[in-house]
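Labels A, B, C and D are assigned to the chains in the order they are written; within every chain, residues are numbered from 1.
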Amino acid sequence: MDELVRFGVSISSHLLRQFDQLISGRGYVNRSEAIRDLIRKYLVEHEWERGDKETLGTLTLLYNHHVRELPDRLEHLQHEHYHRIISTMHVHVDEQNCLEVTVLRGKPAEIRELADSILGVKGVKHGQLVMTSKGTELD
Amino acid sequence: MDELVRFGVSISSHLLRQFDQLISGRGYVNRSEAIRDLIRKYLVEHEWERGDKETLGTLTLLYNHHVRELPDRLEHLQHEHYHRIISTMHVHVDEQNCLEVTVLRGKPAEIRELADSILGVKGVKHGQLVMTSKGTELD
Amino acid sequence: MDELVRFGVSISSHLLRQFDQLISGRGYVNRSEAIRDLIRKYLVEHEWERGDKETLGTLTLLYNHHVRELPDRLEHLQHEHYHRIISTMHVHVDEQNCLEVTVLRGKPAEIRELADSILGVKGVKHGQLVMTSKGTELD
Amino acid sequence: MDELVRFGVSISSHLLRQFDQLISGRGYVNRSEAIRDLIRKYLVEHEWERGDKETLGTLTLLYNHHVRELPDRLEHLQHEHYHRIISTMHVHVDEQNCLEVTVLRGKPAEIRELADSILGVKGVKHGQLVMTSKGTELD
């Protein structure tokens, strides 16, 4: 990690009080950590809007594994795009429902496209893509 | 407004550089203003999650004013809930499409419910609710 | 509007029951209207992701009009970009807080950039951009 | 799964054409599947707004595992809430960055609260909660 620096924020005492209340309720032990988190979130949103850097995303899928050919179809898609897929975790929710989370890498548009094609598979009940980051720019 | 105070944020020089770049690109003239904006956004999201305070929202509607009874239906809904509706702006997009923005007040659940019933009117093509705040807590 | 056609959707009776319950609670009088709304929302999200067409957005701003130079600064920005700004509605929330909603036109990236530069003005407490559409493609 | 039924949707030919184009680009092989996906997404959003049912969520975390005590702190939190945590997947992004996805169960407010307390741990760079569902209501 880089050297640590310090900068000052001027703020009304009232707004600061509200902020302190909220972050202590969320378990933050100091303001700097909470501020850094807000800054990183802001940077990650920007990274995904610009779209020109390699980044990471996670795709959460809920599906019915009894739907004919679904597991095969998903596995096929994942192998076809193995260079975009880092890892997958599978949870057996009940006799028929599975939750699967896949970590994807690529540029935002590439990740979105692959996620869309997976979400379109028959039997996938719900899915959502989370945009995160490789983190190298967030230290 | 309350008295101004100042607090320090410790951060790596690398993360700060990234932040400075992003905010100057977005027209901020100093860090404090950008940090305060991030703090306020965080507080507003929390206000809507908790749901117990009177707040404000804006509802953006796109609709076809040629659909039979639509303008009457919308006006009727707005009058019925006049105590939740502060004001409405209307834009004529083309011969048939209208954009209407309405400022709503109430508790989050009340605003959401009214917005849902307006969005369900036949002929409304697209709509979205923005959660904002009365601002008294954000100084 | 174009000629009306009809297509069939096959669905489990259980899922359909849940859908019917939800939409009747939201005031829809028939399924077709609810389905068309879901389709239009899906198309608008796609329009904003692709980014190549002229579209509309609304920007909701909450600000303190006592902040020195803020109203001038906002008005200046709006005049400078008058060709992107269709109309503005102003609500006096209390002695110091104003809610302002502005309808913007342009390509998604142009609308976002203008919205960002407005959100960065000192004294703007909260703001959010809603992406909507000109509606011509949504009939 | 329940018995299959069929219902008709009336729609303008123009809107249907746009929808067909979009879904074929996303890999859907028929309209019913795409419509069912839109319906399920709408139901899941509603489930999370109401907040009264047991559901599932996934939390994506990006963190620096070199931050002192961070891995211990995360593990401690997860064990303390083991009844809310189903499973965790870990990806080594580079020498210092880790991506961790955790599947959480509980009522929406319980999942959100646990996610908040994890996101507040010092060294967590970015995180996001995805709201999904147990799926039993989505067949």
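One rule holds for everything that comes next: a residue touches a chain if its C-beta (ideal position, glycine included) is under 8 Å from a C-beta of that chain, and two chains touch if they have at least 3 such contacts.
Since the model is a prediction, treat every value here as computed from it, not as a measurement.
Colleague: Along the graph of touching chains, what's the shortest path length in steps from chain B to chain D?
Modeller: Contact-graph shortest path, chain B to chain D, evaluates to 2.
Colleague: Under the document's definition of touching, what chains do chain A and chain B have as common neighbours?
Modeller: none
Colleague: For chain A and chain D, what's the span in angstrom between their mean Cα positions?
Modeller: 10
Colleague: Quick check: how many Å separate the C-alpha centres of chain A and chain C?
Modeller: Result: the chain centres lie 25 Å from each other.
Colleague: At which residue positions does chain A touch at least two other chains?
Modeller: 1, 40, 138-139
Colleague: Is the chain-to-chain touch network here best called a line, a ring, a star, complete, or other?
Modeller: ring
Colleague: Going by the touch rule stated at the top, which chains touch which?
Modeller: A-B, A-D, B-C, C-D
Colleague: What residues on chain C touch chain D, complex-wise?
Modeller: 1-16, 18-19, 22, 31-32, 35-36, 38-40, 42-43, 46, 137-139
Colleague: Which of the residues in chain D come into contact with chain A in the complex?
Modeller: Against chain A, chain D makes touches at 1, 23, 26-29, 33-34, 37, 40-41, 44, 56, 58, 60, 62, 64, 66, 86-89, 91, 93-94, 96-97, 99, 101, 103, 116-117, 119-122, 124-128, 130-136, 138-139.
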